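Each of the next two complexes has subunit A plus one more chain, namely subunit B in the first and subunit C in the second.
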Partner chain A sequence: MFDYNFHWRPVMKSLPDLLEAASLTLQVAVLAMVLGIVIGLCLALARLHLRGPVYWFATAWVELARNTPALFQLFFFGFGLGAFGLHLSPYLIVLAGLTFNCAGYLAENFRGGFKAVPETQIRASRSLGMTPWQAYSRVVIPQVFRIVYHPITNQMVWAVLMSSLGMLVGFRELSGETQFFASRTFRIFEYFAVTAVIYYAIVKVILLSSRLMAARLFRY
Partner chain B sequence: MISIRDLHKYFGALHVLKGIDLDVQKGEVLSVIGASGSGKSTLLYCINGLEMIQDGAVTVDGIDVHAKGTDINKLRQKLGMVFQQWNSFPHLTALENVALAPRIVKGKSKAEAREIAAKQLQHVGLGEKLNVYPSALSGGQQQRLAIARALAMEPEYMLFDEATSALDPELVGEVLDTMRLLADEGMTMICVTHEMGFARDVSDRVAFFHQGVMEEIGPPAQIFGDARSEHTRKFLANVR
Partner chain C sequence: MEPTLKFFSGFAPNDLWFMGEAALRTLWISVLSISLGTVLGTLFGWMLYEGRRAATLTLAPVLDVFRSVPLIIQLVLFYNFAPIVGLNLDPFASGTVILTVYTAALVANVARGGIEAVGAPMRRAARSLGLSYWQDLRHVVLPIGGRAVFPSWVGVALGVMKDSALVSVLGYVELLKASQILITRTQEPFLILALAGAFYFALSYPVSRYATHLENRWAQ
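Coming up: the complex of A and B.
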């Protein structure tokens, strides 16, 4: 029969610690996304416009990031580099792993976005005397941004949830912290239930703010 | 004056323009007619440097369009262009569409650029639509927006690349009226067109292109009434 007794008190007592760990989760996810967007944009442009070594480097990055388990990518920056004597802090391992993964996925989003803006938009811009950079920055990229906006939101959610893999490389973000308390108190179900609620709340806030921002940004 | 000398253009092995010689004087309206694939649109792209050329020369007011040292972005400010697919910028309002280039290319202040834009939109009959996004405009209105956008750079020449071909029939008239208005104001225009009525009534001269060659050029009365070339007569018989 069901004879498990719930004990929520220890969870409530460590709630401030959990929330602090949650802010660390959010921090590393946001940072990985910012870096991922910048790198992903470069990878996409390299794949669209370049040939040779840079093209192959960008393609290899995208292929590896998208076609191998995210956990392995994290392990690479932890144990993989560790085997060569390069020891990153748990924070850096997670940041590097997440950035690598996000950049790969975002690169493909951006590539699709660039392809969706007709070539004729650039021609029209150039015919008005704009330089290639002006045409890109004023006409093409704003349109690409709208196309990739919702995929970026998805990737942001994914980054928050994926950061939980950090507990496997000893990072005390939200999941790592939860694991730590759970194994000390043996209130495993209670801890992870509360943490799940916290993750849910974080994601909901991200989705809601994304939607509000979209309504302000995109009037067309 | 736009002067074209022995212009050759290839797309790979395809010889698209085979030695074109043409002068367009200030204030002149030239219509370019001919079958699809005869090289008419490519000619326009070669004039404003959107396409490279393989031989010959195009000069605009004495400046060689395809020379290495030419500031092509500056030269293009003289050459407004209107495309078949109107290419309005979907993320900007009508006013912003027109104000963008004066602001970032010519360095006008924001207020000045908006003033120019409002004036040009008024000019093409879109004075009521300043703050509307292109998605809420009809094809004809978007094409007039594109004309206003080109005019806002105060060009000395306007190149029209089949400006009405992609429009629903009932929307062609409003765009042709706008083009007529410009012609009446003395704008120098090269119009690649399938609108024979426009070519006959508005142009000073009509050029007929056939397979990359300018077969014939002359006043509309001659081209439409007494064409010398067999190809011209055949083409005109088919489009009528």
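Coming up: the complex of A and C.
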């Protein structure tokens, strides 16, 4: 029943390459998150305060990002745009797909966060003589940040996990690199087992550092 | 002379049939693994709630692994691991097993949250009215806790439906894989991807809207 010989040596030999690919995974995930937070914030504010075409654009973005598979979104940026003669590199495909997806999900979180801060607070701070910018940056944003902090952490984890789809569009991040080595040596199980451990470690480090940061940030 | 053999042929009506069939396969594997995973996950959630220390030490870390490793890696790992222990599973069976466990890992947290959402005083009241432990679970905890976490459960179910696209890496021809095959043949990526995306959207959007509607109505 169990006549399979595990060969871990080739995996150990390519471990440095895998770890380097893991840093690429992390890089693209962080970049997508930073872009996603900025765009998501704009989308959330557009959906809350604007009317007309901008509102519909933001709503369409959010609903499309949330109601179609992430893999479909990657394929769209990969092959779909090719129909218009726009050929992105694998790195850009993954970055664009992840950013599109993260922005959509984060926009909904931000919208919930903004809704949770009562409007009377803005009026109160305005009547205390604050400019609109001051009211937003000193009263609203700090409270919203507290509310969306955990959703952002979760989305960061999702971004790392989702970047593994890069494997299917030819991007050599952690999963793509693993597949490359696995198909060269046929030690598929061994390679993917090690990769799974690396992903697990990355996720745990993200969650742990988020918790430590939260302890420092939200002391009061 | 006119060449009689062409590499690419246009999108034909019976390709729509091919995509429809693939869409049904997406639906089938999603429904199957969501229902099995929900049953299993509810059981896990109850175990996490009741068997406090024993369950947190054994079950929780295992479920945590399924949430912290990309689904695509889990699928490849299991598909290549099953033959090692002498199981010969086709892509559909492997996909169903992993999607089920993945759903269960996500539903377990939701279910535990649901049980926790029912206040201890209410459960004590139910017990002192003479209900047995199981009657209390069935007639008090299930309707009240279930209602509290129904929106998150819908979120999980829709997520799994979208993630079922990943089973295509094992060679199971579901909707996204079928689109890829058609794109290779017809070279019309935009049209075909739009069709596939529309199907996922048409499935996911109404359900998520309905869940939000129910949530708002129950919140009143």
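Heads up, the rule we're going with is that the second predicted complex is superposed on the first by the 220 of 220 C-alpha atoms of A that agree within 3 Å, B and C clash if a C-alpha of one lies under 4 Å from a C-alpha of the other, contacts with A are read in each partner's own complex, and residues count from 1 in each chain.
By our rule, contacts are C-beta pairs under 8 Å (C-beta built on N, C-alpha and C of every residue); 3 or more make two chains touch, one makes a residue touch a chain.
What you are looking at is a predicted structure, and each value in this text was computed from that prediction instead of being measured.
K.L.:
When the two structures are superposed on subunit A, do subunit B and subunit C clash or fit side by side?
P.N.:
With subunit A aligned, subunit B clears subunit C, so fit.
K.L.:
Applying the touch criterion given at the start, work out whether A:142 contacts subunit B, subunit C, both or neither, answering first, second, both or neither.
P.N.:
first
K.L.:
Based on the superposed arrangement, let me know which partner A:75 touches: subunit B (first), subunit C (second), both, or neither?
P.N.:
So A:75 only meets subunit C here.
K.L.:
Tell me which partner touches more residues of subunit A in the superposed arrangement, subunit B or subunit C.
P.N.:
Between subunit B and subunit C, the winner on subunit A residue contacts is C.
K.L.:
A:83 in the overlay: touching subunit B, subunit C, both, or neither? Say first, second, both or neither.
P.N.:
Touch partner of A:83: subunit C, not subunit B.
K.L.:
Using the touch definition from the top, say if A:183 reaches subunit B (first), subunit C (second), both or neither.
P.N.:
neither
K.L.:
Quick one: is A:219 in contact with subunit B, with subunit C, with both, or with neither? Answer first, second, both or neither.
P.N.:
first
K.L.:
By the touch definition at the top of the document, which applies to A:126: first (subunit B), second (subunit C), both, or neither?
P.N.:
Touch status of A:126: first partner only.
K.L.:
If you stack the two complexes on chain A, which partner ends up touching A:134: first (subunit B), second (subunit C), both, or neither?
P.N.:
Only subunit B; A:134 stays clear of subunit C.
K.L.:
After the superposition, pull out the minimum Cα separation from subunit B to subunit C in whole angstrom, please.
P.N.:
Superposition on chain A places subunit B and subunit C at a least C-alpha distance of 23 Å.
K.L.:
If I apply the document's touch criterion, which positions on subunit A are contacted by subunit B in one structure and by subunit C in the other?
P.N.:
Common interface on subunit A, subunit B vs subunit C: nothing in common.
K.L.:
Given the complex with subunit B, which residues does subunit A contribute to the contact?
P.N.:
For subunit A paired with subunit B, touching residues are 118, 120-121, 123-131, 134, 138-139, 142-143, 146, 219-220.
K.L.:
In the complex, go through subunit B and note every residue touching subunit A.
P.N.:
It is residues 48, 50, 73-74, 76-77, 79-81, 83, 85, 87, 89-91, 100-101, 104-106, 133-135, 146, 149-150, 153 of subunit B that touch subunit A.
K.L.:
Quick check on the complex: what are the subunit A residues that touch subunit C?
P.N.:
Subunit A residues touching subunit C: 1-2, 4, 63-64, 66-72, 75-76, 79-80, 82-84, 157, 161-162, 164-165, 167-168, 175, 188-189, 192-193, 195-196, 199-200, 203-204.
K.L.:
Residue numbers of subunit C touching subunit A in their complex, please.
P.N.:
65, 68-74, 76-77, 80-81, 84-86, 158, 162-163, 165-166, 168-169, 176, 179-180, 183, 188-190, 193-194, 196-197, 200-201, 204-205, 208
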